[in-house]
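Sharing a structure, written as structure tokens. Questions coming.
Going by the order they are written in, the chains are A, B, C and D; count residues from 1 in each one.
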Amino acid sequence: MSAPAHIAPSKDAIANRAIALATRGLSMSFGSLVVARDIDLNLPVGARYALIGPNGAGKTTLINMMTGMLAPNSGQIFLGDEAITHLEPQDRVRRGLARTFQINTLFAGLNPLEAVTLAVIERRGIAGTFWQNIAMHREAIEEAHGILVKLRLGDCCYQPTRELPYGRQRLLEIALALATKPKVLLLDEPAAGVPQDESGDIFEVVASLSDDLTLLFIEHDMHVVFRFASHIIVLVGGAVFAQGTPAEIAADTGVREVYLGKRKHG
Amino acid sequence: MKRVLLAGATLLAAGLMAGSAQAQGTIKIGVVLPYSGQFADAAKQVDEGIKLYMKKHGDTVAGKKIEIIRKDSGGIAPPVAKRLAEELIVRDKVDILAGWLLTPNSIAGCGVSAEAKKVMVIMNAATSIIVDKSPYCTRTSFTLPMVTTTLGSWAAKNGIKKAYTMVSDFAPGHDAEQGFINGFKAGGGEIVGSVRMAVANPDFSAYVQRAKDINPEAIFVFIPGGAQPAALGKAFAERGIDPKKVKILGTGEVTDDSALKNMGDSALGIITAWPYDHNLKNKMNQDFVAAYKKEFGGDNPNFFSAGGYDGMTLIYEGLKKTKGDADADKLIAAMKGTKWTSPRGPMMIDPETRDVVETIYIRRVEKVGGKLVNVDFNKVENVKDPIHEAMKKK
Amino acid sequence: MLPPVLGVLFDGIAYGMLLFLLSVGLSVTLGLMNFVNLAHCAFAMLGGYVTVTLMNVLHWPFFATLPLAFLIAAAASVAFERTLYRRLYRASDLDQVLLTIGIAFVSVAVAAWFFGTTQQPVDMPAYMRGSFNVLGLNIAAYRLFLVGVGVAVTVALIGALEYTRFGAQVRAAVDNQRMASGLGINVDLTFAITFALGSGLAGLGGALAIEIVGLDPNFAFTYLVYVLIIVSVGGLGSIAGSFAAACLIGISDIAGKYYVPELGAFLIYLVMVVVLMWRPAGLFGKR
Amino acid sequence: MPASAAPSTPQQYLQSLSRWHPIEIAFWLATLTPFLLFPTYLSLASQIAVAALFALSLDLILGYAGIVSLGHAAFFGIGAYTAGLFSKFVWGEPLSGLLVATAMAALVGYASSFIVARFRHLTLIMITLGLGLLLAEAANSAGWLTGGSDGLQGVDIWPLLGLFKFDLYGTTAYAYSLSVLFVVFLMARRLINSPFGLALRGIRENWVRMPAIGADSRSHIRKVYTISAGVAGIAGAVIAQTTSTVSLEALSFERSADVLVMLVLGGAGRLYGGLVGAAIFMIARDQFSGIAPQFWYFWIGILLIAVVMLLPNGILGGLSKILARWRGR
């Protein structure tokens, strides 16, 4: 299905803003299963994009391709003006493209302070220093602590990660990504598995992030999506089915039929 | 951790006390052998040689009580062997170091013998140079070149013109190969090919096939004792190399009792050179074999046991001459030139080199009374280590 | 007349089958159950001693002892599995290594205690000792027999593990214990049987190996490296992989010793390193 | 532990983690006791120190970065042969020999780290094993250099600092190995508490997450592998110098396997794990083989089985768990 999306991106909204992350013709398949079909996206600086679509639509795969954990069969990825299609994952992170994971991918034996400090020292390029005590690097430690406080993890930052409540672990996912000082942050279901009454807290944190940060998040809860997203991308069968403002998406009959009408996700 | 250390400490302290409670009239002999691991069987046989001698001749000589302290070096491990030798001297206060199955361990032991001024009796390790490493070191086994050079010249003298050699690719193999080639060429023989075989090698078929392709008149083999001789013998049989047609020449390990049992009739006709076999027909040996079998459950003694037995003979004879004085200078002086009769025949310690001088027997595997035995049909007397002989000439 | 290279191939495959029979059991336990059993060769050694004892003490014929070598090794392994191994199914690999090395140490000492440190003799029937000539090639009877057993074991195992209900149960139990027991699979029993199968095969391999490599108490360690090589080169849990790896290693070892004996000692390790660098999961590995 | 420390700032908290514990000080004081209490056990103590050093080097890669190696003896052997050859062909001064041996082992470690960093799990174990065995075979073949299976001849080590001869009692040997062990331990301790140490723990805890926080795990692994190889080389050099012997056994599979057993026995991933494991293994072996030279395998085996069953994650891992439970009550 290479037909144009039902709704063209509202050009005036993004025309005068620089593009933070873009993809061109991104395609990938596992054998006969097509997981990405000619995906073209433009994420302007500071945008809050939601990526929605039914299970198996290829949302996580798209994030994996953007961050370099999967290699697309064809197409290109740009971070700002730079083509990053063939960079290693860590090199993309260093250029400002960070992500979180749908399933907690944390350092179980480290405590949040150690984990976030690790991310900070990696960014600062001092992680190879083996002749100094880590406590010498006060700025890095205080930066890490600052991130934890901001994400409301300050009171449990000395507790081993594996002992933290699940909701706290989800926040730590975000804290680790923020410690890399990203320009673009890809959040893969940040509130996955969190009870509904707590998931609001996580998105409050997300919403409070700096305006310069470009966000793309995957989320199933439409209330959350409509509340926090400035733009929505609908992915179906590995292709962009529609994209636009929440109002435009809500009004779109195609989306309603194909996606919203059929599936109401809780 | 502390508690563990303390527990260890008490254990160790107990050991110390035992060590210092030394009777005046005792001579202690520290025996270092690889009692565990790959060479455990050989070590056991050397040890049984020691035990049998002491059983027969009592544990006192020249008015001194002989006490044996055994240490396990656990395979090839020179640092361990050296440490054990040091501990035997500083902690157990031994007067003589003995045992020594493996060359690298023996060389490490020699360092201790030289520094501590203690006589060291090598009961097996067969590399020529070992005895040069300490002025107090002597040997009652044999050296590989003694055996293989003798075999090489015997082969050349007895109508074999062309031979192929197969040896394990490690230092003793190289010594054996060189010894055979020296003896064989000196007698006018020609080497038509050589192969060095991987040391860790469960399957000989490829090497044997190579030898067979060349179809030599004779094949000389050297491999370490243990599992390999049987495997090699079987490979010969399997490839249809008949020792009656192609002469297979080797050292005694190849036709050791346990190897013969595994090879079966395919071993018939293999010719080996060796300083000892339980089949030797002298009265002393027959008594030795009978006593050994009685004592240790039916197996025949072999060259390991003979090395241990004669090592003890040398120690006893030396102590008799010094009247029980184990001072290294006196004892080694007494041991030099010592002659005695062993189950393997007349023996002597070369006064110049401190190395052993003995008879090398040429034997052929034959069936006697339904059993495979090494029947000696020729011998060379008073064989000295050819490497030391060559060094003397220089 | 056939060219000698065929003879080399045959000898290589026969040697490979020896390695295969020793290691296939580990492929089952390590590959399917994810249990690092470094005592594998201790069970092989047990099989060897069963055969030697039956032959030398009770004068059984060689072939009659083989089923017992399998059964006794399997039975002994179940005893260990029930008492020790099962407690470590979820422990770290390193703890499994420590336990099984400990068991191997004990087995060496116990074997030395009961059987002494000497090489154990086996008296093969005469027709197994010889060889016959096929168009100029020298085919050793025992090696032909080894190839036969190797192929039979491969076919039987692939059949049992991939095409039977038991095989499906094993795979289910390994993938997800909780779900498997939810489906009514007796996970405990399945694991015990799988383990017994792996160790029984080791026992059989040990019994068959004596004729070529001999048997002494150090057996539990001597062949461990070879066994690990076959399993890793073949790919974890793949019977066909182990078979292919054994052939590859056997042929390259024999061919190396025959054509370039200078490399004789290196080749087996070189082949392993090269294969693993090319295919890190092994020839037939999935992960 | 963290809660009880109650630090006022995050920096002070991290500082407190690397503070010396009284037990540590007691441990190092205890290592001096053999000089006074067991003067005839100094040779053994020296070899325990070397084994501890070797186990510490393996701990750096296995315990802290999760890289299991069954070929670590390669670097031990390179250190031993370099030190031996240096004394034979250059001079016998031990400290310079130690430095050269360390550099050589680290250099080879660096070269092989490019291979090692590409693999994980069983493949990694088998590749390290294969490379180790290849090196051992090469050393056997290169008899002209190494002396082959007879061992290297002509190793001649001068007195330490020109004053202290390596004597029969092992006094100099133990003083030397213990000092080297202590200095290397201090460096390892610093490394573990450094930013790099934190990155290594990150690799061990979650290999997948590391690239997502911008970390290049492979370059970390190359670095720690090089360091670990250098430390293994130090251990090999010390054994060569204190015993004046070098043989193929230094490169053997058994040595690689033994050090792994010692480390796991003591507790991998703990600075003292290798030290405690080496001490217990070697003392137990010495005592058991004193009782029954032929059957000490049995008792060592029982010891290993008992430790796994009673103290999972090694002696230190198990003890700390028991201690934590006891405190929690």
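We adopt the following convention: a residue touches a chain if its C-beta (ideal position, glycine included) is under 8 Å from a C-beta of that chain, and two chains touch if they have at least 3 such contacts.
Just so we're clear, the structure is a prediction, and the values are computed from it rather than from any experiment.
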Mutual neighbours - chains that touch chain C and chain D alike:
B
Outermost chain relative to chain B, judged by CA means, is A
Distance between the centres, which are taken as Cα means, of chain C and chain B, whole angstrom:
35
Chain A to chain B, mean C-alpha position gap in Å, rounds to 74
Would you mind pulling out the distance in Å between where the CA atoms of chain A average out and where those of chain C do?
49
Multi-partner residues of chain B (each touching 2 or more other chains):
40, 44, 169, 198-199
When you check chain C against every other chain, which residues touch at least two of them?
112, 117, 265
Contacts with two or more other chains, residues of chain A listed in rising order
none
Touch graph across the chains, line, ring, star, complete or other?
other
When you check every pair of chains, which ones turn out to touch?
A-D, B-C, B-D, C-D
Would you tell me which residues of chain B are touching chain C in their complex?
37-38, 40-41, 44, 169, 195-203, 205-207, 209-210, 213, 226-228, 230-231, 234, 237-240, 258-259, 261-262, 264, 266, 299
In their shared complex, at which residues does chain D touch chain C?
68, 115, 118-119, 122-123, 125-127, 129-131, 133-134, 137-138, 140-141, 253, 257, 260-261, 264-265, 268, 294-298, 300-305, 307-309, 312-314
In their shared complex, chain B is touched by residues of chain D numbered 23, 26-27, 30, 33, 37-38, 40-41, 43-44, 47, 137, 140-141, 143, 147-151, 153, 167-170, 239, 243-249, 254, 272, 276, 279-280, 283, 287, 289-290, 293-297
Inside the complex, what are the residues of chain D that reach chain A?
2-3, 9-15, 18, 190-191, 193-199, 201-202, 204-206, 208-217, 219-220, 223, 227
In the complex, go through chain C and note every residue touching chain B.
4, 7-8, 11, 15, 18, 112, 116-119, 121-124, 129-131, 138, 140, 142-143, 211-218, 222-223, 253-258, 261-262, 264-265
